Amino acid sequence: MTTITITAQELAERLGGALLDCPPERPLSCVMPLDEAVETSVSFLANAKYHDKALHSGAGVILCDPKTVLEGRPRLVMTNPYWGFAQAIALLHPEPTPAWCEAPIHPSAKIGEGCRIGPGVTIGANTVIGAYGVLHPGVHIGDDCVIGEECEFYSGVVLYRRTRVGDRVRIHANSVLGSDGYGYVMVNGRHEKVPQVGFVEVGDDVEIGAAVTIDRGALGPTRIKQGTKVDNLCQIAHNVQIGEHCLIVSQTGISGSTSLGDYVTLAGKVGVVGHIHIGSRSIVGGNSVVAKSLPEGSFTTGFPARPHRQWMESQAALNRLPGILRKLAKKVAEE
Amino acid sequence: MTTITITAQELAERLGGALLDCPPERPLSCVMPLDEAVETSVSFLANAKYHDKALHSGAGVILCDPKTVLEGRPRLVMTNPYWGFAQAIALLHPEPTPAWCEAPIHPSAKIGEGCRIGPGVTIGANTVIGAYGVLHPGVHIGDDCVIGEECEFYSGVVLYRRTRVGDRVRIHANSVLGSDGYGYVMVNGRHEKVPQVGFVEVGDDVEIGAAVTIDRGALGPTRIKQGTKVDNLCQIAHNVQIGEHCLIVSQTGISGSTSLGDYVTLAGKVGVVGHIHIGSRSIVGGNSVVAKSLPEGSFTTGFPARPHRQWMESQAALNRLPGILRKLAKKVAEE
Amino acid sequence: MTTITITAQELAERLGGALLDCPPERPLSCVMPLDEAVETSVSFLANAKYHDKALHSGAGVILCDPKTVLEGRPRLVMTNPYWGFAQAIALLHPEPTPAWCEAPIHPSAKIGEGCRIGPGVTIGANTVIGAYGVLHPGVHIGDDCVIGEECEFYSGVVLYRRTRVGDRVRIHANSVLGSDGYGYVMVNGRHEKVPQVGFVEVGDDVEIGAAVTIDRGALGPTRIKQGTKVDNLCQIAHNVQIGEHCLIVSQTGISGSTSLGDYVTLAGKVGVVGHIHIGSRSIVGGNSVVAKSLPEGSFTTGFPARPHRQWMESQAALNRLPGILRKLAKKVAEE
């Protein structure tokens, strides 16, 4: 990948903020989260919850708003730091043009021994397919992907650029790995796009059902660790981290930046909000909505999800409620 | 498009109804909704709610059942006017055969300057692609589509015939625009198809996620206005109208003929019933079901959706209910 | 298909169990459910609910655990019979390698008269397409499928091997028929795959929307009978049986081995658990979760689904509950 470098001063001019406690000539060449940022990184703070991370971040400059107290830290102060962040990504991480040519399989792609590749498959530049892979007709793999050995992808599977897949991974028809995360920032009454420049990483022995969508990280990976099985029509948003040997049953949706431990089961049609953690060995009952982090070994159900037993009792009570209210009304009338 | 014209008398003979207050030789060449119909139009009234529209419709003939009072209006009286409507569409708006040829890109298609078209892309007859479009490998665009400038469609995107897309529209992998709406009419114990002959219209700067389905209108458009962003795995049914700058989060479903104002947010997994209106700047919480029209600026949650605060209170109360019922039972036992 | 035959003794050695009441030289060549098994079949009992079926099964050998009482029945006793079942399928029903060649349409495929086949379509070995079929660009049909007459499949439709489709079936873009069911068995902390070797069977006059996923049976068919209409983004799991003339509305999910009678309506976003039966002419309201079998003609709503009227009353009561609790608290304080 091409590296673009600009100075902190140039960044301030492009984004329109005030540079404080930062050498104007400092070179900046990437955008990174607060806790991973280094001196050449731009980072940002838009949620007070992460203030502590900002205090200890190694970022070369932190985008923040005028109310944020970060004395002594290198910072670029602006009204809408999230919009600054979006612009900084566009500036430092422009997406390269896809490298198609006439040939469906790009000449720079490396296909391992024993691979079987159906008609209508396209493979992008610099992509590597491990040995004994089976790509059914009409699979589309973008540039710069790395696929392990003995993988089988069914027709219509689409991998966006830079997707990384382990060994013995099966992906069923029409699933999508690496689509853009749903990230926008409101600027002057319009939803401006936050560029999504991360990638998807899938571990060994993962199986993914049909018509699943897994968005790539805004920055860095959306990750599914080894042995996890994802059923049909699930949605996994940007920067989600799923542990090992989880079961994600059909039509479940997991919102951005949420993490799951190992051996978690999300039964069918579960919804999980963003930015929470579900502890290892947790079970969430079908059709439930998880709105808060859950400890290890939890068993919850409902909308919102609550301990399973509590939910069962409350539903039983709810069924009795109309009758009880009728009796109460009668009693009051009699008194 | 070929125009087919038949007389009111011929229509009556084909559909088997009684023609009243209508010149039998009146020429008819299209099927239209009551409020858009002109003298050459067939329209229909199957829902008493629209009786007033029928009274003021300019339709050349209105299909209605024997109980409907429409004295003086040109009408064709039949037991099942919805079935008549389906047959009239099949008669007057037959779908043309797709115009494929050997060439993946039909010779009559017009590709704007600077377009990049991946291997395995197919483009139908008379379709126009604006300048600087990027069509990733394996995009399929039907006949008679009009695509604006600087659009990017990822692999596996399918546009049915007559889809219209504005400028700078991004559509992620495996999304479908223009599939048939879910419209059937029960005739002799079978679900007969109501032909879906409308189209999908998407405004400028819209972004559509992966594996989204947007059905074309039964007649006329399903419309998504400029600046709206639709997340992965959403379903947008026939004749839905979505305003400007809305956010439709993942796995949401909107039923037929419902309309949304501008700046509406439907959080993840929301369901919306058909034939209602959600006012501008409304927010619907995740996993909620909207069963009635909502005024501007509303904030609702739940199944069915109710004011957010009310839903929060009722869930809190529900959690306390089993304990309260136990105490009441004990108290009654003690009295 | 190739037939593989092993003796009961060999099976016992491979799977590691104790063979009882079974001639060791008995030839075994298929895996079948208890109630369909014949003398050359391996079957299994892992759920006490099916004990009676095991007693009357004609299976050549039944895999079961040491606690199961099946005196006199030919059986192979092991700690994890479900894992034995998975291994037996892999042994006796290995999936053949797909038979692609350079040609997108395999030379052994039979295409009926008057078919229209778009560019980019691939058709597998031995597949038969009935007369007057329309396959839009980019349809992928696997080996050994049988498609009836006058079918229309839109772009991106994927049919896995051995799918059977009746006459006049329409399948909209990017739907998948025949993907593997979600079947795993936990062995030493890992989810081992239960091979899915069944198929999908769709009756005449069925219409399937866009981006629908229908998994093939683990053994035998997942079946959708004639006249049924399935809307966009629905999930139909392995071995589900759907009767005639049902309506399955958008984003509904039906779990494994559940059966529906005829004329059942599942409104949008319904979830149905596995291994239950929904009686004919039942209606399930939108967004409901069906957790138990339902009798003919039922009308249920809610999570979990209950009689519609009861659900309406309980929701109305729930809305009143916070106010009532406040009044009760006040009254108690006053007493």
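Note that the chains are named A, B and C in the order they appear, and that numbering of residues resets to 1 at the start of each chain.
Note that contacts are C-beta pairs under 8 Å (C-beta built on N, C-alpha and C of every residue); 3 or more make two chains touch, one makes a residue touch a chain.
Fair warning: this is a prediction, and the values are worked out from it, not measured in the lab.
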*Graph separation of chain B and chain C (steps between touching chains)*: 1
*asked:* Rounded to a multiple of 5, how large is the rotation, in degrees, that superposes the C-alpha trace of chain A on chain B?
replied: 120
*Could the interface between the copies chain A and chain C be described as same, meaning over half of its residue numbers are common to both, or is it different?*
different
*Between chain A and chain C, centroid-to-centroid distance (C-alpha), Å*: 30
_Set of chain C residues in contact with two or more other chains_ = 120, 138, 156, 174, 211, 233, 251, 303, 318, 321
_chain B contact footprint on chain A (complex, rising order)_ = 97-98, 100, 102-104, 120, 122, 138, 140, 142, 156, 158, 160, 174, 176, 179-180, 182, 184, 189-191, 193, 211, 213, 215, 233, 235, 237, 251, 253, 255, 271, 273, 289, 303-304, 306, 310, 313-314, 316-318, 320-321, 324
*Any idea which chain A residues touch chain C in the complex?*
116, 118-120, 134, 136-138, 154-156, 170, 172-174, 205, 207, 209-211, 227, 229, 231-233, 245, 247, 249-251, 268-269, 286-287, 303, 315, 318-319, 321-322, 325, 328
